[in-house]
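Okay, handing you the structure first.
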């Protein structure tokens, strides 16, 4: 609180009579504001207050006399109101700005690169340790940070690359999807493979005959195999199924949606021919041609990529005989066919060169036992060796 | 006497001395203008009236005299609490402080201990003319044998001063004068954490901001302002420079991985430098970025109209945060140092 | 005039038993002639003018502080005889070593008032050029300047310049160790320095009785073998008379002189101090009746050396001075923050250059609109 005392208003004044207050208690007053009119021996004088504040007390009623030097009016200053108090030696604590004023950052010039002798500069001790833990030699790293500072990402990249020189191909996209499906198949399906060598001479002869008599049908080896598989699945429906673990059921399909492996530029694709059991051999051949062309162009529709109940894989085109095929999950069986080559074979008690191929059947052993699987394979093998038997159940 | 009230730091210090004098008649308060005037900041207000001239009294104008006299009185069984009127005016007493107050226990192998307190209003930010705003804490912190205590809150002012008066060792009790009028609602008497214990005033996860005394408010302001920039700032109030709480500071920096020390004293060879060195040494393996200091410039304290350029500000602390290597961005300030000119 | 006190050996070093005065409280001549030569009328008229001007400056500075244009102002209201006497008794090339309460002395010396007030306004630690005016920067720590004065005076003696120094100190400052050391050094080295102790009765709130039990502060001189005197500090005639003798003593190679001037600090320590806490209004009133300006005016008027016209002219001049000061202080000073790094050393260190660059970058960043 500051007391303003009655100043000497001039000429040796000793006292003055208060005539009229111009402010009241509680008023806010400013510097040099007239607060009171007093009467001296000579005249009525208006008195200004030399500081600002809020009026706390008026030291006298109108008509009372105040001596020079006595308190006239008391005010509390804004300083006190804010709680800063009078400071003996200075302006007092100001209100420092507490939010950011500057918008622009003061940037430092980027130092010239390539001039850093001594210990290689690394972003932080943590990053340096990261490198050491992974046996990365930081001297061998190319720093990407300003001032040749090795950044965390530089070290992480080096770790990712590894210290070896293996070619690394990312497992992603279609390749990733196929890998996942194959892994799942092996993981979930307790599969067993059984195989048999067959004399396909008759089938090859049939193909040639058909090519001559019905060239427009375009019936190839794969189409014939497909037709035989369909017949086999009618005879052994156990293999046209899948296992539903959620419901603990084996689901047998009334239809055959036949998938077959097709190798494209983008990888292995399995087009599906829906309702293959309804198609004639010529139809099958036509479908095979169409789907294969679509596959090559990457234009297979989703419908023709899904829903298969059995898969046929002619890997003989690779020049191999047998395999342990991987079931096309969630199907229950896959028939693989190897190359057809001349081999010595027993014919009517003599060794003749015949067209021999190996058939490999992999099956989900949960859907059937060896008898059914073997039965199916034998059935197919018999049709391959004596295709004329197909006509009995045409 | 228990009161719950809105109290200023000056009032809390006053209450601490009053309660200490009540509790122990050996406690005496003396210095320049502490008697009838109650101190130039009113911190000793009413003590002479309540306890009489023998317990709270004015001395001749001589700082070396005050401290040396206190040494003698302490040897004679009293517990003096003396006041140096301002930071820079304590310098005449420095010989007594460094050569005797700090060393007497050690020189006499514990026979002559000095349970005295030297209260010093320090630091700036009050618009004061020269010699009234010095940050002299480094001189005392660097003198082994002195405890150096600096409260930043009203409750700590009471508690730490009570503890200082009870402490068998000499305590240089640095009162941030710009905080004398800060108010808080406290229940007195109060005991907060003891000497040697720093306190996390604001928890955070990204960076530890270490502060003490007059810098605590600006540290808290900076922490609040930094939220906008995506920083969660933990503010640690040291409270006592000597003894220093390594554990709390280290635990914090090991959690956050980043540390900024703020201190308004000139940066070179200041207390901030000691803190930074300790943190670097103890937390090296946890650090994402260099340990930074935001300090005053290495100049004599400026005139009042220019002091705000010198004192650590919210902006300057936020600028330090920008250098903390977030997102793999190195601090570039010193990379060019030493390269071809 | 022969300095008969000096001839009496060590007893001649002792001060007069009571303060030397030429005037009564009401400005009439005292009975009996003091053993000092009365100053010439021209000097007394000059002193009157300087005191009126000084007081008007002091009042104006006090008002400006209340208006927040100055950070603080330690008033020397009531001490004008000492403030003015110290300057008028010395040559313009003699060195002054003022404290923060010597603004009026500096005004009397002719330094621009805005330069004087820079310290208290807060735009610079010292607003004037010490070498130009032979006035050291106003000193806030107590008594430290007394040593500086002793050293400077000794240097002047060594170079044979004929200049002397005058150090101001208050009653409180005589308790500081530096005061003791300054007197001792000055005596041992025969430094031509006058120590003017304005005993205004208080060191902020601490009264003289708590400061010292010496019979008078002037008696501190004998301990060092320093000639001393005590004077009525509110009697401008006496102050000028004794200071003339003190200056002559020093200039003649007789070493230091300690003068205690009994005066009174009519205002509080600064505008922020509340003097009612430690002294009574009655005491203040008693001293008001010994006002130095009133006493000198009465004395000069009685001798026909000051007329109504003179008084009016001086008052008008003082008003004009105050008005110019108001206008100047009410203009904001030009501040140069980057100048903070100049003059820390003769040339900045690399670290200071670095910090200069940081502040410059900050200031430039602030100029960018948001």
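So that you can tell them apart, the chains are marked A, B and C in the order they are listed, and the count of residues begins at 1 in each.
Methods note: contacts are C-beta pairs under 8 Å (C-beta built on N, C-alpha and C of every residue); 3 or more make two chains touch, one makes a residue touch a chain.
Quantities reported herein were computed from a predicted structural model and do not represent experimental measurements.
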So which chain is farthest from chain C, going by the mean of the CA atoms in each chain?
-> A
Pick the chain whose C-alpha centre of mass, unweighted, sits closest to the average of all protein C-alpha coordinates shown.
-> B
Chain centre separation in whole Å, for chain C relative to chain A (CA means) = 82
With chain centres defined as C-alpha means, what is the inter-centre distance between chain B and chain C in Å?
-> 36
How many angstrom lie between the CA centroids of chain A and chain B, rounded to a whole number?
-> 52
So which stretches of chain A touch two or more other chains?
-> 87-91, 101-102, 105-106
Which residues belonging to chain B are in contact with no fewer than two other chains?
-> 40, 127-129, 132, 304, 315, 319
Indicate the residues of chain C shared as contacts by at least two other chains.
-> 71-72, 122, 273, 362
Touching chain A in the complex: which residues of chain B?
-> 8, 10, 40-42, 86, 125-129, 132-133, 178, 180-183, 218, 221, 224-225, 228, 257, 284-289, 304, 308, 311, 313-315, 318-319, 322, 325, 328, 330, 332-333, 335-336, 339-340
Contact footprint of chain B on chain A as seen in their complex = 83-85, 87-94, 96-102, 105-106, 108-112, 115-116, 121, 123-126, 129, 145-147, 149, 151-153
Could you please specify the touching residues of chain C with respect to chain B in the complex?
-> 71-72, 100, 118-125, 140-142, 172-173, 175-178, 203-206, 210-212, 273, 277-278, 333, 335, 337, 340-341, 344, 351-352, 355, 359, 362
Could you pull out which chain A residues touch chain C in their complex?
-> 2, 31, 50-51, 86-91, 101-106
Mind listing the chain C positions that touch chain A in their complex?
-> 63, 66-68, 71-72, 122, 269-270, 272-273, 358, 361-362, 364-366, 368-370
